[in-house]
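In order of appearance the chains are A, B, C, D, E and F, and numbering begins at 1 in each one.
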Amino acid sequence: MTAREDGRRDDELRPITITRNWLDHAAGSVLVEFGRTKVLCAASASEGVPRWRKGSGLGWVTAEYAMLPASTNTRSDRESVKGRIGGRTHEISRLIGRSLRAVVDYEALGENTIQLDCDVLQADGGTRTAAITGAYVALADAVSHLRSTGALTGEPLTGSVAAVSVGIIDGVPRLDLPYVEDVRAETDMNVVMTGAGSFVEVQGTAEGAAFDREELNALLDLAAGGCADLTALQNEALAR
Amino acid sequence: MTAREDGRRDDELRPITITRNWLDHAAGSVLVEFGRTKVLCAASASEGVPRWRKGSGLGWVTAEYAMLPASTNTRSDRESVKGRIGGRTHEISRLIGRSLRAVVDYEALGENTIQLDCDVLQADGGTRTAAITGAYVALADAVSHLRSTGALTGEPLTGSVAAVSVGIIDGVPRLDLPYVEDVRAETDMNVVMTGAGSFVEVQGTAEGAAFDREELNALLDLAAGGCADLTALQNEALAR
Amino acid sequence: MTAREDGRRDDELRPITITRNWLDHAAGSVLVEFGRTKVLCAASASEGVPRWRKGSGLGWVTAEYAMLPASTNTRSDRESVKGRIGGRTHEISRLIGRSLRAVVDYEALGENTIQLDCDVLQADGGTRTAAITGAYVALADAVSHLRSTGALTGEPLTGSVAAVSVGIIDGVPRLDLPYVEDVRAETDMNVVMTGAGSFVEVQGTAEGAAFDREELNALLDLAAGGCADLTALQNEALAR
Amino acid sequence: MTAREDGRRDDELRPITITRNWLDHAAGSVLVEFGRTKVLCAASASEGVPRWRKGSGLGWVTAEYAMLPASTNTRSDRESVKGRIGGRTHEISRLIGRSLRAVVDYEALGENTIQLDCDVLQADGGTRTAAITGAYVALADAVSHLRSTGALTGEPLTGSVAAVSVGIIDGVPRLDLPYVEDVRAETDMNVVMTGAGSFVEVQGTAEGAAFDREELNALLDLAAGGCADLTALQNEALAR
Amino acid sequence: MTAREDGRRDDELRPITITRNWLDHAAGSVLVEFGRTKVLCAASASEGVPRWRKGSGLGWVTAEYAMLPASTNTRSDRESVKGRIGGRTHEISRLIGRSLRAVVDYEALGENTIQLDCDVLQADGGTRTAAITGAYVALADAVSHLRSTGALTGEPLTGSVAAVSVGIIDGVPRLDLPYVEDVRAETDMNVVMTGAGSFVEVQGTAEGAAFDREELNALLDLAAGGCADLTALQNEALAR
Amino acid sequence: MTAREDGRRDDELRPITITRNWLDHAAGSVLVEFGRTKVLCAASASEGVPRWRKGSGLGWVTAEYAMLPASTNTRSDRESVKGRIGGRTHEISRLIGRSLRAVVDYEALGENTIQLDCDVLQADGGTRTAAITGAYVALADAVSHLRSTGALTGEPLTGSVAAVSVGIIDGVPRLDLPYVEDVRAETDMNVVMTGAGSFVEVQGTAEGAAFDREELNALLDLAAGGCADLTALQNEALAR
């Protein structure tokens, strides 16, 4: 069995840093790093909700994901220049939004909107899971900000949410894949879990051969451990 | 426990029909019906591959999914008129393509391209799983067509692929959700499996509360049974 | 003189079938077939009219035409993927809308909107004339539907409308051209007529040499006969 | 019977002016005026043809039509700002192109391309027919220009082409409708004819009531006379 | 020192013509010519202002610039066909709008909007400066038009505005560059000034070598003289 | 006279930091800060040039500017989501590109392309001038990188370039405006200068009243001082 290139154990996360208030003016802003992957997660809070939700008494949370053109090893074209958003970007934006909404009580949020922007500054695998993990912290800060301005009084967060990638490389299940492992993975899975240990999203894809139930179980076990570690790091960051 | 509105058992598929050669001129064309959901799956085969793959000796398989505007209860706007493809459409097109490519041997396909078009004529839940199930049959017909024209000699299909939706409604796991169940599901999962019983894609989403490992397992069991039934129906259709 | 490839007389329509209620939920839905040309015509009825017409007491009828990518012998790219609608598609959508509006009394329709979607499932010449002929039947069903729901009481249809293509092939005027004749036609004309025998649209185009008045007259005679036959078939379908 | 507002006979054209070489540098450029309707028709000639025609030995002629935003009484938005071309613009561009190509011998043109741009500076009805009439003259000048540079030697023009609108207003057939008549017309027809008196395009539309064969004949008679007059004016302009 | 190709002195404008009321129906319409550069400037006045300005009591002035495809020596593609407006077009539209707004008193204009359309019919350098110079005259006519209809009573114009290009060619500062000089200029500057001699915009660009303060001063001197001459011509045109 | 809110002298820059190698993999990457304005400037170097320049032996340098949605106090919509790039973005991208190209010797660069991406992470006035100042340093690093890989041997940089904003606030000329000063400025000017003290771009705009020659001179003096200071800081950063 070959060891991982960066010397980690198979069930070990990369070094994780969560820097709050990275920007001066957003309601919540977090620079999250999973190894060399850096994502800037900014939460903008505004009173009011989209038109189709007006008068419902319910709030709204939404998210957009994007990569800076120079975030990857080979520069990629800007989607604004191409004039259309690619399928992958759409897919990840929707995933982040759904993941955060899983821990939001819209009634307690009231008719307020929180928009999360997750911009990848440097990409080295796991950008969507880093984005979800960082966006939750930015969301929590935005909620505190709204509470401090009197825009809400209750607790709209019913729990926390974190995410991690897992995959099978050379037959071995591994946690938190950097780019070099990601491209070689036979199976690739992104798992989003609540702080309480339930599943919010499970997205597994056979990149090479199809996978069996046993492999699926091993990946879910790894992911559960990784998400628990990330939850602890989120709580630590929010406590600072 | 409330029975299902259409009287099915929880582990029972809707009536499935797979009509081959629905169009006169496509290499393969299938009208697949999962209850009232009707999807027209057409495979177009052409010699040659996209530019980035030329000279590799390898083939290519890709897919596009779309819904006719009147396929849903409330008419939806055409994406061609809006000038952009929505995130959901992108996501499903990519899912269908990945699912089919999981059972394709590009080397045996040679430098040929097969394009699958899955157009939903009537939508009543499970359109993406019906599309994958029907598209596999259209793909198999397109492969036969290419073989009959001498464009290929080997067997590019390494297996079959089928898909089904499962979900938890009022705490009960159920197979193959029609629209009325889909909108009420607490958890919604789409599972793509090979005829040999391995997983190609697992996409589970908590729509309401997060789900635990036990619920996940129950859903996977249901899906495995449903995919096995669909595989049998595909084989039967191809044998006609 | 060479006979037609499909053995028809020069003034004979292809086999025509008009299948009503092809979809379960549209107000009116018709699968119309002119030989191998298959067009799905769905009418969606909704209360209210576009903003610019509000408060006028008048209704609105509009239409959109599109071709499925695999409907033609050689697959054509999706307009949603290209991000723009082509000139031909625009032109035909406008033609269908104008043709139907010629037999609508907006006052009797009241502030209701009927949207016709004509999607070509298989194309073998004459798709626009099949679409108009089928869309009229779907429109009639949608009007009945609105009447049954009490949304209107009077009769918004002032007559019926049908359409057929005619052309000159090897100097001979012919009715209802399939693709193989259409591409060889020196002159190509689409004629839309009311059930009462008046003209709604006459669109003649010299594809090769310009045509003289005598040829124009011969084509109009043929078209008048074809439209009368189609009117009879529409009435028959609506009587079932 | 009410006289026409501008005092013309029913079969009389508006004052027509055809000013050649209105621009300094186009191969052919014509300002054509049908009363207050002013269209600038510019022909750009270039060696070579579009890729799909290369090596065929055949030339190509194409056209684009557009209206300046302030050309109409009420300013209309720019299509470049809206980011898409409307159906009417597409339709007219295609009509102009087809009309000109009806009198072009591609073989004699050789692998040269002539692009016609017809930009409406002021619109008062009949912009498409003025555009075709003026574009023919610009095309003839571009052909002379190509001959003078030695890019071609034969005669690629097999005839001339002109166009006029006709319509029925208050039951009376009239020639060359200005805007005030156009909006009131029960039937509206655009007719494109060769200088030899054959038809290239006939596009008749019932705006109000459907029209009968007799009315159609009366309109065709009027149009034939108008096109003959325009042909004479084109020849005169080209002789200057 | 080489003389200018067209025989002008270095501080001399090209022949300038300002033709008012070039169109029949715009509130103000001017054909402005700077030598062979021809720009049609049309002002459309409408009551009311954009939504974001409603109820403010203030008016609005905006501008759009575009080039006809055949206005340049080598035909350029239409931006409506490309589906997007280029950076240069955007830049010039914004410049024209800002320049005109510099002499508008929004309060005196009241809640009226004036839209300027500057369409280049023929381009031979200096199209943006010709557009500003002509647009001011069209704006003045539109203001008179609004006053004559009673839509405003005060004087919304606080002054006049004109613009000219200057540049350094072979080391020599020159006024009002035609295309042949513009492409050879080492430094290129566009200057917009009020009739009272103050600056509204100064946009200087080093095309080849960077320029020093002395050169900058020489260019500003030339421009001031040119703008004064243009102001006199504008006043003369408005007095006719 | 009121002092500046941040206590600076009128001719004093905000605190400037230039952090090189902020990303791991770009050829050159700089985080530049002008007070609270933060711009990430990444240079991507690639062999080869755009098609229209192939075989010329000359290189190419280009730039794109964009703002993250949460970079401003009030979140702005993504241009990728809107599907089109705004005029301001286009304008600034073009300005940055021109400014850098002013100090590039294309022949010495050889057929290599350097693409600069300037993404504003936080905006507090002066984003375009910070972008130019930082992009020059990233460009210098990318040139060193190309030299280290042997892709070039000579010196393609003929000098350095830096930029600063100046403006008149309450009648007083000031250097390097933060947002609160920028919105109040009567005149706003961006000046780009070489390290040798010559002008590359001068863009002055009267936001309120037009400005006279004396004010223009005072602004140019301030800008020259600021650019000299920035040049020293660039040299210092590159020496580290």
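Operating definition for what follows: contacts are C-beta pairs under 8 Å (C-beta built on N, C-alpha and C of every residue); 3 or more make two chains touch, one makes a residue touch a chain.
All of these numbers come straight from a predicted model, not from anything done at the bench.
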Original post:
Looking at the contacts, which chains touch chain B and chain E alike?
Top reply: none
**OP:** Count the smallest number of chain-to-chain hops linking chain A with chain E, moving only between touching chains.
**Re:** 2
Original post:
Which angle of rotation, from 0 to 180°, maps the CA atoms of chain A onto the equivalent atoms of chain D, to the nearest 5?
Top reply: 180
**OP:** Find the geometric centre of each of chain A and chain F from their Cα atoms only, then give the gap between the two centres in Å, rounded to an integer.
**Re:** 33
Original post:
So how far apart, in whole Å, are chain C and chain D when each is placed at the average of its C-alpha atoms?
Top reply: 28
**OP:** Please list all residues of chain B that touch 2 or more other chains.
**Re:** 83-85
Original post:
Touch graph across the chains, line, ring, star, complete or other?
Top reply: ring
**OP:** Head round the ring from chain A, going the chain B way, and note every chain as it comes up.
**Re:** A, B, C, D, E, F
Original post:
Where on chain D is chain C touching in the complex?
Top reply: 84-88, 90-91, 93-94, 98, 102, 189, 193-194, 196-206, 209-213, 216, 220
Original post:
Where on chain C does chain B make contact in their complex?
Top reply: 23-26, 29, 36, 40, 42-44, 46, 64, 66, 68-73, 75, 78-85, 89, 115, 117, 119, 121-122, 124
